[in-house]
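First the structure, in the form of structure tokens, and then the observations on it.
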Amino acid sequence: MDHMLLQAVFIPLLLSPVAYVVGRRHGMAAVTWFSLAVLAYCTALVALAALDGGAEERHAWTGMFGEFGLALDGLASPFAIMIYALSAILAVYSRPYMEHKFAEQYREAHGEGGSAVALAEYVRAKSGTYHALYLVFAMGMLGTVLATNLIQFYVFFEVMLIPGFFLIAFWGDGPRRKIALMFFFWTHVGAVVLLLGFLAVGLSAGTFDFAGIAAAAIDPDIVLVAAVAIAIGLGVKLAAFMFHIWLPWVHGAAPTPISALLSPVMIGIGAYGMFRLIMELLPAAFSELSVWFHVWGLVTMIYGGAMALMQDDLKRLLAYSSISQMGYLLFGLGSQSVLGLAGAEMMYVTHALGKGILFMMAGVIIVRVGTRSISRLGGLAGRMPITATCAVIGALTIAGVPPTSGFMGEWLLFYGALETAVEEGSTLRYVTFGLGLVATALTMSYMLWMIKRVFFGKMPEGLAGTREAGWHMLAPMMALAGFTVVLGIYPDIFLGQIVPYMSGIAGAGELGPGTAAALAGAGAAAAPGGGA
Amino acid sequence: MVTAILGAVGVALPVINVLRRESGSNMFYAAIALGALAAAISYVVSQVAMGTVAASQVLSGDVVADDLLGAFFAIAMLIVAVFTTVSSFAYMRERRYPAVYYSLILLSAVGMVMVAYANDLVVLFVAWELMSIPTYVLAGFNKRDPSSNEAAIKYFMFGALASALIVYAISLAYGLTGTTDIAGVVAGMAALDASLVPLALLAGALFVAGFGFKMGLVPFHMWLPDAYEGSPPPVTALLAAGTKKAGFAAAVRVVVIGMAALSVDWALALAIIAVMTMTVGNVAAVMQKSLSRMLAYSSIGHAGYILIGLAVAPYSATALPGSLLHVLNHAVMKGVAFVAIVGTVTALATAHIDRLRGLGRRMPITAVGITVSLLALAGVPPLNGFWSKLVLFGAAIDAGAAAPWAPWLAIAGVLNSALSLAYYGWVIRKMYFEDSGGERVREPRAIIAVVAFSVGFMVAFGVYPEPLIQLAQSAAPASLMP
Amino acid sequence: MADPAFLALSVLTIVSAIAALELRSLVYGAIALMGTLGGIAGFFLLLDSPFVAMFQIAVYVGSIAVLILFTVMLVRRELIFTKVEDPRRRLAGVGLMLVAMASLGAIVVHSGISGITTEEPAVDFRAIGADFLVRYWPALILMGLVLSGAVTGAMVLARREDTEDDQRAS
Amino acid sequence: MTNELVDFTLVSVALLCVGIYGLAVKRNALRMLFAVEIVINAANLNLVAFARFVPDSGGQTLALFSIAVAAAEVAVGLALIIVAYRMYRDIDVAKFGTLRG
Amino acid sequence: MAEHEGLLAAAAWLVWIVPFAAALTMPALKRWQGRVPGWAAIAGAAASALLAASLLPGALAGGEVHAQTSWIAAVGLEAGVLADPLAVIMSNVVAWISLLIVIYATGYMRGDPHIVRFWFWIMFFVGSMQLIVLSDNLLQMFFGWEGVGLASYALIGFWYRDKKKDHVGTEGRTVLGMLDYYAPTHAGMKAFIMTKIGDVMMLAGMFLIFAYAGTFGFRELVGDTAWAEAMGAQGLLVPALVLLFGGAIGKSAQFPLNEWLLEAMTGPTAVSALIHAATMVKAGVFLVARLGPIAFALGASGLLADQFFEVVAWVGAITALLLASQGMVNPEIKKVLAYSTGSQIGYMMMAFGVAGLSEQFVDGYTAGFYHLISHAMFKASLFMAAGSLLHVVGSRFMTDMGGLRRHMRKTYAFVWAAGLALMGAPFITTGFWSKDAIFASVFESGSEWAMPIFAIAVVTAVITAFYTTRMIGMVFFGPKSEHVRKLESEGHGIHEAPLSMWVPYGVLAAVTIAIGVMGLAFEESLHHLFGGYLEESFGIHSPHGEGEHPALPAPLSGLNPVALGASLAAFGVGIGLGYAFYVGRWIDPARFVASNPVFRGMHAVLLSRWYINAAIYWCFVVSPLWLARGVFRYFERTAIDAGMNTGLERAVGWAARVVQGAQTGITQSYLYVFGAGLLLVALMLLM
């Protein structure tokens, strides 16, 4: 099919006004199916392109800043697939959650007295807006990942902010407007710092296209400065330590389906940026900075975990957990070895799955119980067994316990870190590796403790009447839970793409014995597969 | 040609008024004015499109240079004039002296256009005055409104002082080089005796002050927020989006080109002013209560961004194109924002941010116009404002090789744009996320038209900015490029 | 060294300029301003530019100053004779003025123009006329537009609406 | 011609500074108008002086334009002051301070 | 033959796949509550057991089945099963004991509303355990390893409502300010996290080895020793092995990660029997059995991993003594058994450790493994019996029992049988033979540490005999406790457990005795089997002559007299003391302890678990939480939140006010600024 990627990126955008109209005319159910259909189609496009071994499209754009390209390669495809798959799944999930939220806001605005007809009308009006913004949001994220040009990357990077801002400001919790502004503001600050880095790189290279930059020889001083700027800019998106100011608020306040998209999928794009922009485009700076990424990642992961321990608000806890998980990604990135990098990318996938489940769980609890305060929860496992099961699977995914995909991400990640440590004989790396492993215990602690406080133990008064969520909410969770287990047992679905790509970047000369042996095996294993 | 059309119509309008003896027909005069502007703009655009315009004739020696630089500014300013006229449909409906009003707009437009085309200091000065004097009147056109009058008086005092300073500066330049022709001045400055350089620089400073007053550069900006807030909103659109840009047109012609000849580090001075300007503008815009005042400060901030391009012009080939691009974009963005204010003022009789609560529901199209323009002003892609900022900041970073301080301009610029998002976002928040409970209001059709056009412009050139970038590149005078 | 006429004119001009600003009565101030404007005209004569001097006297002294004087007359008496200003700001203004004078004067004096005199004949005012029509005709057109705009604008502004409304009502 | 160019320039600078002082200090709108006129005249003086010493007709031309423009300006300015006076019964500019912040 | 091998390989795969499949069918059986899930579980466990048994003949003949399939192709990893004698025997032990316990649990868990969840996790556990046993590489094994951990977590916290009766510990009792009273969900979490610490070390070890060897496979690690040489050169070999052993420490509840096992007793007793006595805690031992030969075989290349074995031996010894000592004073029957479990596993570790330190690797290896088998049987039996007691009495405290021997005769008999095995009653119990083999191998190892470890082993044996007697005495002898009398007065008379419950532990007790009677022969054949296995697979040659393997047990011929004597003496002393205090009740233990401040202090220390638990809580729970709270309050909230959000807001607001304050609205001041600015710009340009 022609222009598969172009379609995948722009169909949601072009159809978002249609979604608005459908929502207004035919209500939430129709628009949910509409969104699902659109996103599912686009997911299929992306997945097909990925199965084809990637795709690349180029279109004329600006003379000064290069062309408009879309490329799906081994690095981008896991990100792209997760973005759209999760978006599609969450479109279904949105239905009950957002209906609940609309109704709540309607009551807020009109008191309890509003008539049912008026409420239905209200919900209809809002659902169109919601899905229109939702589609644009998804599209922005995908565009970022597929971009082949610095400026294009930046454009999409910002495009996803705008719908995100509105989604939070319209339907968030708490001081939602202020938080939406905070979100917009801080991520924009990050983005502009990123832009400075882009400009420095692009202008020194004389081109903004990735391909051109990779080929260009740039003054190493500029590269380093630019890489630091890019790292900081992406660090804000990634909510790495010291730049995570906005994240707990935003993820706590965003409407849950959006949190579930923001947290795992969107902030991970920061990591994608680090892969694509720093590791791939600025390898010299990357090798210089990688140790610092490593340490930064470690600090982030421990800090996020420690803060997560202290939270009482369920969604804030998950938000801090996301910070911690982004620390893993950074950690893997800093490992600078093929498997470590592959593991970091796998972590993105796995975090998307796990955190997606957990945020959905939080949404279920918000809808069914009406509180997010962990201290007011407890013993819900008996009342909502499927949710509890999914949540446990999600928690295990985050904690990296086999047979969930979390383990597959983590072992590669940590192994990669160790391999580099061994290779360089660097004590710092050994120590960070060890502490990183210890941090996994921390991760597990806060996750299990959260699960225990929410689902186990004594049930507070008043929760006895809690019911299990409807299938709109359960099915997405179960789908993700199933997928995380499948992926945990058979990770080749993604690793098959990631590892060869990463080894292509790292070059065969720098491999540790473990990786080399592994890859030799992989080559042997892949050869017949390639023939077939 | 443009002058002829506009000037003739401008003079003719009051005469027609006298002849008809029947005042109050707002639409009639507006239509005539609009027709004149449309003719003018189509003339300029067709000229540009046909490629009959020379790239840059700054150094040609003619009194009026019919070049792309002028055409570029002319397009920007004529668009603004059209905005003003169209939005005045709504605004002037209940007000008096429409004939004079539109004629003044046209005269001012002539002035602006001629400032852009002027290639001789004498013409420049007279055009400058032609641009300014009608706007003094326009600013005070609401005779019953004390703030309109206050704005006009402040504006007038500054304007008069500034034009006196410009004359003074011209006199120095003339005295040093013996000619008023810009090309001659440049040549003369380049060959200046070292002992005379301080005077040349003094002239430069006076030019900066004189033009900077219009551009709203710190510290010559202080009249600006008051004048913008107090003037009738369509006039503010003209001031902010139009005459301000004429200041840049003059600055590009005179300050940059003229001073490039002097081999002193004047660029640094401009850079300092640029940083001060953008910082003061953006900081002061925070927590404003009136939307027009906030936008006034924001336009001070934007003057700072544009000045970046002028400051690094000698070091980067993309600097001046960046400035030009931002001039055009800012004209549209700010123009539509003020036009939207016209809408709120006519429909709701307020531009107070707190009273704009729920605007998204009450006046959806106006609110969309404001939102998109604010986002574009903040430089959020994919809107046109992003690209011009991008080119500007890029130029600043690019200039870093020759001038080590230049990247700091870019850093200051991006930090300021980030800051600006905070107060733009605040307005958006008021419009969409808070509700005053008012009923939906009918939006003036003229405003809708302007908003539709500008939103289309901002989005279209945001997604595909190539034509504008190329236009700006070819319009920028090549003489400065390293 | 400057000749006595120049010195006398300088003193006249500057002192009357200061007087125009500082005299308690606005009327006297306006008259002192006329003195300044006349002094400038005198300078123009000294500079062998009689045409400009005449223009100065005709336009400035003859019309502008008179216009101002009439306006002054329009204003209430006590406003004419009371002078309001903040002592602190005045002090600051004087300071600024002196600093500016000193620094600008220093720039001027130390720049290369000191000591320039000329023996060349003055420009014939016919050349000016030729300039107007040949070279600066666009400016002339613009000037016409300026004047027409200013006149219509000033008229609209100055028109008393209350009386007009009364007329229309009647 | 016995006078030096610099003498005229100095007088002009002095007038310029007086004018700016007047603008910065005086609160009476009419006096501010006076000050503006002083500045314009300083500029004109400079212009004509340079024109004499260059010598060239351009300076004088511009001076003429400048005088005419000044007239137009004064007309508008006076009109504005009159409007203000009608509204406030006062011409103290410091009292026109509602726009601020 | 190839076909036959294929069948065997399929059986080896199915051994662990079948239980998983059974687990996955459980949710589908939810509709038919009641007995159906139980039957399905029995079917699954039985199928698995039969499959395991089908592997037995080949393994006993010294054969091995090794099959692989592609797994993570991207990294070149393969999944596989390795059914060598070690794995097959272990697999059978696991399979058959699980089958018995599953049968027991159908009775024990009857009527529980969450029975489906129970069976799911039990079957999941069995599958994971078999996966550990049959994996041919470390990574795959780790899946099972975490799987059993997960099942353990889920089952310890099975009664997730945290009712009072499901807790362990004495309510209100604190040790160093830490409450010694644990809810099931807390206990599950504690177990999972503590074992995770071990797992983390294990992962680190695995990765280190993988980094050098490029493989996780057990077979591959043996063949080529280049990796070990490289690691040895860097001094990383022993650390890597010790890190791997860390996993075993965690899973087998060895010192210092022993504390979770006691709280694990909050789970249903069937779970305690299966997971926390018979199988899962043996996974660590199994891991050492897997790795020990690899490490020892490196000795042939001159790479001695002595320090690794020393660590193993000492950890085992310390754990054995530490936990046994606490078992002497604890009032809860399941906790006593748990202490005993940890302590006995310490023996096994000790055996494997000294095996590596001696020339006679096979001796220690066999001894350890023999003890593993016998302990699995008698401890499972004891736990199930304890479950019956709990079931009947409704209290976990032994002080609430007493005098039950007349009411529960079968249980009484089986507890004696299994208890004697635990105590190491001479000649007729498996426990005696296996413990004696350990004593002997320790004594004969010739290591410099042999004597201290031997002494510890003997002391531990005394204590073991004592606490076992104490338990039996407190439960079955003496007067009935108030609790029991209250029950009787309420009409809930004490009665024997139902058939489905007593049969399983009866069978195990009987088998214990049966094997015990011909214990030496059993040991010899095991020795023979492992001798061949180690020789063939690892090239470890033991200098014992082949002639020393008589077909029939010549009683006592292969025994070491010192070890034998020590063993007998320990048994005698221990049971004697226990009898005096608790069966004969000649001395009142409470008064005895109170009589002397030293005893009082010791009692307190023992009852407070040597303060280790409390110390761990202080160091790893309380302080980190305290630290985290501090950081949260004084950094996250202040520096990050307030500092960057509010602070920035305030700073900008302040700046805005300053700038806006300058905008006074008065034209003069504007013009003044204009003039000053002009001057400034002029000067700036001129500078």
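Order of writing sets the chain letters: A, B, C, D and E. Residues in each chain are counted from 1.
Heads up, the rule we're going with is that a residue touches a chain if its C-beta (ideal position, glycine included) is under 8 Å from a C-beta of that chain, and two chains touch if they have at least 3 such contacts.
None of these values were measured; they are calculated from a predicted model.
Asker: As a test of understanding: of all chains, whose mean C-alpha position lies farthest from that of chain C?
Answerer: Relative to chain C, the chain with the farthest C-alpha centre is E.
Asker: By the contact definition above, name the pair with the higher C-beta contact count: B-E or A-E.
Answerer: Per the contact counts, A-E leads.
Asker: Just how far, in Å, is the C-alpha centre of chain E from the one of chain D?
Answerer: About 97 Å, centre to centre.
Asker: Taking the mean of the C-alpha atoms as each chain's centre, how many Å separate chain C from chain D?
Answerer: Roughly 5 Å separates the two chain centres.
Asker: So the centre of each chain is just the mean of its C-alpha atoms; given that, what is the distance between chain B and chain D in Å?
Answerer: It comes to 25 Å between the two C-alpha centres.
Asker: Can you check how far apart chain A and chain D are, centre to centre, with Cα atoms defining each centre and the answer in Å?
Answerer: 65
Asker: Note the residues in chain C that touch 2 or more other chains, in rising order.
Answerer: 89, 92-93, 96, 100, 104, 107-108, 113, 136, 139, 143, 146, 149-150, 153-154, 157
Asker: What parts of chain B, by residue number, touch at least two of the other chains?
Answerer: 122, 126, 129, 133, 136-137, 140, 143-144, 153-154, 157, 161, 165, 175, 198, 202, 225-226, 288, 422 - these are the residues of chain B that touch more than one other chain.
Asker: Can you give me every chain pair that touches, using the contact definition above?
Answerer: A-B, A-E, B-C, B-D, B-E, C-D, C-E, D-E
Asker: Across the complex, what residues on chain B touch chain E?
Answerer: Residue list for chain B touching chain E: 153-154, 157-158, 161, 165, 198, 201-202, 204-206, 208-209, 213, 218-220, 222-223, 225-226, 264, 266, 269, 272-273, 280, 283-288, 419, 422.
Asker: If we count contacts the way the header does, which residues on chain D are in touch with chain B in the complex?
Answerer: Interface residues on chain D, with respect to chain B: 5, 12, 16, 19-20, 23, 29, 32-33, 36, 39-40, 42-44, 46-47, 49-51, 53-54, 56, 58-59, 61-62, 65-66, 69, 72-73, 76-77, 79-81, 83-84, 87-88, 93, 96-101.
Asker: Given the complex with chain D, which residues does chain C contribute to the contact?
Answerer: Counting only chain C, the residues touching chain D are 1-3, 6, 10, 13-14, 17-18, 20-21, 26, 29-30, 33, 36-37, 40, 43-44, 46-49, 51-52, 55-56, 59-60, 63-64, 67-68, 71-72, 74-76, 79, 83-86, 89-90, 92-94, 96-98, 100-101, 104-105, 108-109, 113-123, 125, 127-128, 130-132, 136, 139, 143, 146-147, 149-151, 153-155, 157-158, 160.
Asker: If you look only at chain A, which of its residues touch chain B in the complex?
Answerer: Going through chain A, the ones touching chain B are 61-65, 109, 151, 154-155, 158-159, 161-162, 165-166, 169-170, 176-177, 180-181, 184-185, 188-189, 192-193, 195-196, 199-200, 202-203.
Asker: Which residues of chain D touch chain E once you look at their complex with the stated criterion?
Answerer: Residues of chain D touching chain E: 20-21, 23-27, 32, 93-94, 96-101.
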